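The following pair of complexes shares a single chain, chain A, combined with chain B in the former and chain C in the latter.
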Partner chain A sequence: MTTWHKRARSALGLSAILLFSVGGVSAIAQERTSVKIGYAVSKTGPNAGGAGITTIPNYVLWAKEVKDAGGLELPDGKRLPVEIIEYDDRSSAEEVVRATERLATQDKVDFIFAPWGTGFNLAVAPLFDRFGYPQLAVSAVTDKAPEFVKRWKKSFWLLGGGHDYTEALAGVLKQAKAAGTINGKIAMISVADGFGIDLVTAARPSFKKAGLEVTYDVTYPAGTTDFTPMINEAAKGGADTFVAFSYPPETFAITQQAQVAKFNPKVMYLGVGTGFPIYGKNNGANAEGIMSLGGIDPKNEANTAYRKRHEEVTGKAPDLWGSVITYASLQMLQEAIKRKGLDREAVSKELSTGTFKAVLGETKLENNQLRTLWFGGQWQNGQFVAIAPVDRPGAAKPILPKPVWQAK
Partner chain B sequence: MKRFAIAGGFVVAVAVLALAPLCLGAYGLGLLIGLAGYVTLATAWALFSGPTGYISLATVAFVGIGAYCVAALSEVLPYPLVLLIAAAIGLAVALIVGLSTLRLSGVYFVIFTFGLAELIRQLVTFYEINVTGTLGRYIFLGITPEQIYWQLLALGVITLLLTWWIGRSRIGLALKVIGDDEVVASHVGIDIARTKLALFAVSAVIMTLVGAIQAPRWTYVEPAIVFNPTVSFLVLIMALLGGAARLWGPLLGAVPLFMLFEWLSANFPNHYSILLGLLFILIVFALPKGVLSFVEDNWMKRRGPRAADRSEARS
Partner chain C sequence: MIVTTLIAGLVLGGTYALVAMGLTLQYGISRIMNLAYGETIIAASFLAYVLSSSLGINPLVSLLVAAPLGFAFSYMIYAIMLRPLVARSKTAMSLEIDSILATFGLLFVIQGVMLVFFGGNYISYSYMNFGVDILGASVAANRLLALVLALAIGGGLYLLLTRTLWGTALRAVAVAPSSAPLVGIDANRAVRLAFALGGALAACGGVVISMYQTFTATSGVVFTMKALIVVIMGGVGNLLGALSAGLILGLVETFVATYVSPGLTLAAVYLIFLGILLWRPSGLFGKARR
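Here is the complex of A and B:
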């Protein structure tokens, strides 16, 4: 027993020495020839749709732009080529955790881009923290960001929380009610899944505080295809504002079925999918006046140029909500690396305290969160323009009431 | 003598596995956690489905229940108690489900178990929407990956020992008879329903515990994450590949398949599904009866035609 113990201990010690010396030697001997950046994102499975719109094209676009520019710039002005390592998490939480461990400890990448989705960003947050990587979580809508920042100092939350979006919507509706455009009664439906539940739970107090009355409030299971009964019920209650916290397939279905039912509320606010370029294209004149989350400022030239490059490189236009934020997060990281080098600690500090010139304009994080966001937008003249928060400079005036459906 | 050698080998293997995290990095440990989880699930699956031939797709229903118990209770109760409650809930669900469905057989049972995961997922969703008003739950427990791994390893060892013990006991024999012919079994005087129910419950409790132990690794759970039907299919494929009717079969199926998934997703992230599909087709053609029987058949052939004849006659 004792000899076995000794042997085991010496073997452990020996391997530790070996590991240590190998690590030490390589660090000294190796002259840096590239910067390794990795990400694990859902390329297949249920999350692939969202990741394929908001996240992956922007990672691809950024990598190409850095390559075309001759590499990633470091503080000494030298440019190093970027080596991208990508994994598919197959929309599984266990998989994204292991892939992130692989990136950090096997591939030893310099930086890791965030995965897609609230749940997945949370699943990897403890790992980013443990291995010391800054985490720029974009596609994660959460009201708990201030808590997460305390828990994981190098985590950054850039898309706001459900509460922000419903407050912004309540702001628009309150204004319209004060102007006498709408009667302040709301019919509201929501998908019984993460996004819908978060939003509707935040919406109830927001509407109440703004003096708005909810006359109809139901949830439906994800994947519902027939909304006619809900639309009919919503129309009966005397509400002239219709809100649906829906997922893309349902957003498209509701738009069609409301036309068939000749349901013409004065305000129509739909969920994810409204901000897809294809929504405007498919619905043409009937997209006019429809509101949703996100929106862009058409007067922002940097954003317009970004949209054009995105379309050229990836073959499709970016969505009008999260895409530009994803891209901005990469620009910020790039700029922080240019200022501080590859020291992750220093880069994280720079991200939380620095001011950046990104596609959104001058960008500065507050308590590791992006707070100057467009929380509400509306289709106006073929563009999904930002209308809320109503008091933010650059917000367009909402067109109310929404034009009635046009016969095709 | 041979039995002692096997027992000794088993003990040494477990000891080596238990010490492995000390000299492996985070990624190696992540692999071991995944391996331990799937080996335990596949063995637990085969514990019931191997001898009886009832193909169950309910694995993830129990895994999900375990994970949700931890998510719901970890803030208010001490961790060991949470595990116990998770096991109890898994047991209760298994008993209810088992009592009402184990009289089904063949494809009806498969369909039902597949539906069960979805049913429980929708029930959880319904509860969260109407009672708590949020869908995701957070798990902030100070449990390290090493601790998760050791718990899974212990559970895996217990599952293997249990399978071994059941295989040699009266209840194991009864199960084999049921698997061969239920009519004969009932004529011999075996209480079919009770035997099946007992095994189904044991297997379900183990699956529930696997989910409960792994949950702290995900930090955040929501029904779509923990009731992912892919898990049920993977476990089934692993157990069948190894040979569901044997003690070491699920292990021999789970380990190579898990490593294969890992290798494919690390090296071919963009062609993973295509390659996996092709490999499955190849496996079905090359090893229709599972890895273990393939190894045994070839072993017999090498030992001479007489041994092979004997094995033919036996099967």
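Here is the complex of A and C:
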């Protein structure tokens, strides 16, 4: 009797525990009424200009589209509303680290979107790794991506490395030199800061390998506003290709000052900012022929539709380099969640091995990196079209020499 | 070639001088170290941008709007926010510290308001971006305008300060703020006027700079820094000092960029700054105090 009693009691206890745990599970499942997604990005400070065009509007657009669709779709077909937690890192690397840590430990978000900038993505990469979040780093140009992928298994690098861009440029120039359009001499200036240093370091060997000669090669401090001396010097050396690895304010200034100086090189390649829609708008016909990093294929309908939606929702056009990649990265994440649910491990695995239908077309990462990218574009008829790599299908033919400046 | 460099340097210096003259009035006469000075400049840049891009108003016309607005704004800031600090401070030193702290806060307020309205994006438009030929050098008309404006304002205010009774009163307040009331000068009024005038100059600078320089809601601090260097180098409170220090900086930057290396422009600027301060601790035109 007593044993029966005991048995009955333990059975009761066991079933109580089981029931409890089932109840607990169902309680947790019931609690899951939303998906939390967070990000820390530069809304103020020196980086706000870049983040405000390439990153933030796409996060906003994506969140709105998911909301309009009734939520984020999970493998069982259920849709959960997305709750967005946003922090401003004030363009400070310490702040982005602190905010990311907060997202992971305090807010306990399900996924974290990447911050803006190469340095910032590197700063948070160890944290993403430690807390097990996949990191879709878009606005980060780095040649060391293959190394980083080994170090941080869930990191993804989607915008190529400096070397890719300079190789693409060298390809265009080599072709033009062979055709006799340009003399193969290059005057090159670069900002003495992350982006400029990376690109110019990659450019020197790229140009050398392509048989191009660099006649003028100087760096200038970030924040320089007057380029008259450099433009004058560049014009003197006999080079008919002018390359500037510059940040947006400098890109705008160089464009204006080259017009004033009536400096008309046959090839003009400028840095970040050339692919901003405002660049085309401000410079009008004078933007024609100017080259830079990035570019889009105007015949790609998905991209055109994306650009239209972006403008409708955020009130401004996306840039013509990183924006569409940022958006594609979110589409990939969304699709991976739809396939694998909220398990970050499985989602990361899906991101690195799966094939996705994104705004870029069929997209598959190679060794956690996006390799089919447009590395060079040129303003042609009011559009910043992709011209490099020259051997990729869909690349437009570069217009050379660049038309001379028109008086306004 | 050297003429081209010289002219390019003077034109660049014109921008620096234009930006610095308002600060030298505010710091030199009103004794307010206004850290929100650059934000006033940027606010005026935004004004010119909005007027030009949405209403199609010529930035030169905005100049006429911005100057009085800058004057009124600074007048109010002084009357409401800074006057109590001046009233309670016993020494020049404590006023300096208080005003630095107060205007540091103001900096973030103005910046925050601009961020709310315009976001953190790069703003740029171009106006008068055509070349003007001077002695064989092609100079951007908008930058030339900055130089001309700097020379006109600097010269005009200099005459005003040295030739009129009003100007003499202002200088008296600058030299001996506690003794000026003894000869019947309303020191409080004079100081407020000087501060407001500085604000008007900042607004003028902002409008002109917006014609050729890309700015964001947060780039004001760059202008404050540059202006501060020019002001200290020229001698605090001295308009001609600010003018010549600005031009010297422009020349140094351009010559170094042309003949040495563009990478060393900043280093050269601080070297000259250091050199001048070692040679004349109170600036080029500054008078040693006490």
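Just so we're on the same page, the second predicted complex is superposed on the first by the 377 of 408 C-alpha atoms of A that agree within 3 Å, B and C clash if a C-alpha of one lies under 4 Å from a C-alpha of the other, contacts with A are read in each partner's own complex, and residues count from 1 in each chain.
Just so it is clear, a residue touches a chain if its C-beta (ideal position, glycine included) is under 8 Å from a C-beta of that chain, and two chains touch if they have at least 3 such contacts.
This one's a predicted model, so the numbers in the text were calculated from it and none came from an experiment.
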Fit or clash between chain C and chain B when superposed on chain A: fit
Touched partner set for A:P126, first chain B, second chain C, both or neither: first
Which superposed partner A:E335 touches (first chain B, second chain C, both, neither): neither
Chain B versus chain C as contact partner of A:T44, first or second or both or neither: both
Which of chain B and chain C A:D164 touches, first, second, both or neither: neither
Contacts of A:E288 with chain B and chain C, given as first, second, both or neither: neither
First, second, both or neither for A:D193, with chain B first and chain C second: first
Contacts of A:M230 with chain B and chain C, given as first, second, both or neither: second
Which of chain B and chain C A:D240 touches, first, second, both or neither: neither
Contacts of A:E95 with chain B and chain C, given as first, second, both or neither: first
Minimum Cα separation, chain C to chain B, after superposition on A (Å): 5
Overlapping contact positions on chain A, where the chain C interface meets the chain B interface: 43-46, 192, 219, 221
In the complex, chain B residues that touch chain A: 19, 22-23, 25-27, 29-31, 34, 37, 122, 125-126, 128-129, 133-136, 138, 140, 214, 217-222, 224-226, 228, 230, 262, 265-266, 269-270, 272-273
Complex contact set, residues of chain C against chain A: 4-5, 8, 12, 15, 111, 115, 119-122, 124-126, 129-131, 138-140, 212-219, 222, 250, 253-254, 257-258, 261-263, 265-266
Chain A residues touching chain B - in the complex, by the definition given at the top: 8, 12, 15, 43-46, 86-88, 90-95, 97-99, 101-102, 104-106, 118-119, 122-123, 125-127, 130-131, 144, 151, 192-194, 197-198, 201, 219, 221
Interfacial residue positions of chain A with respect to chain C in the complex: 42-46, 48-49, 51-53, 189, 192, 218-221, 223-226, 228-230, 232-233, 248-249, 252-253, 256-257, 259-262, 273, 276, 278, 282, 407-408
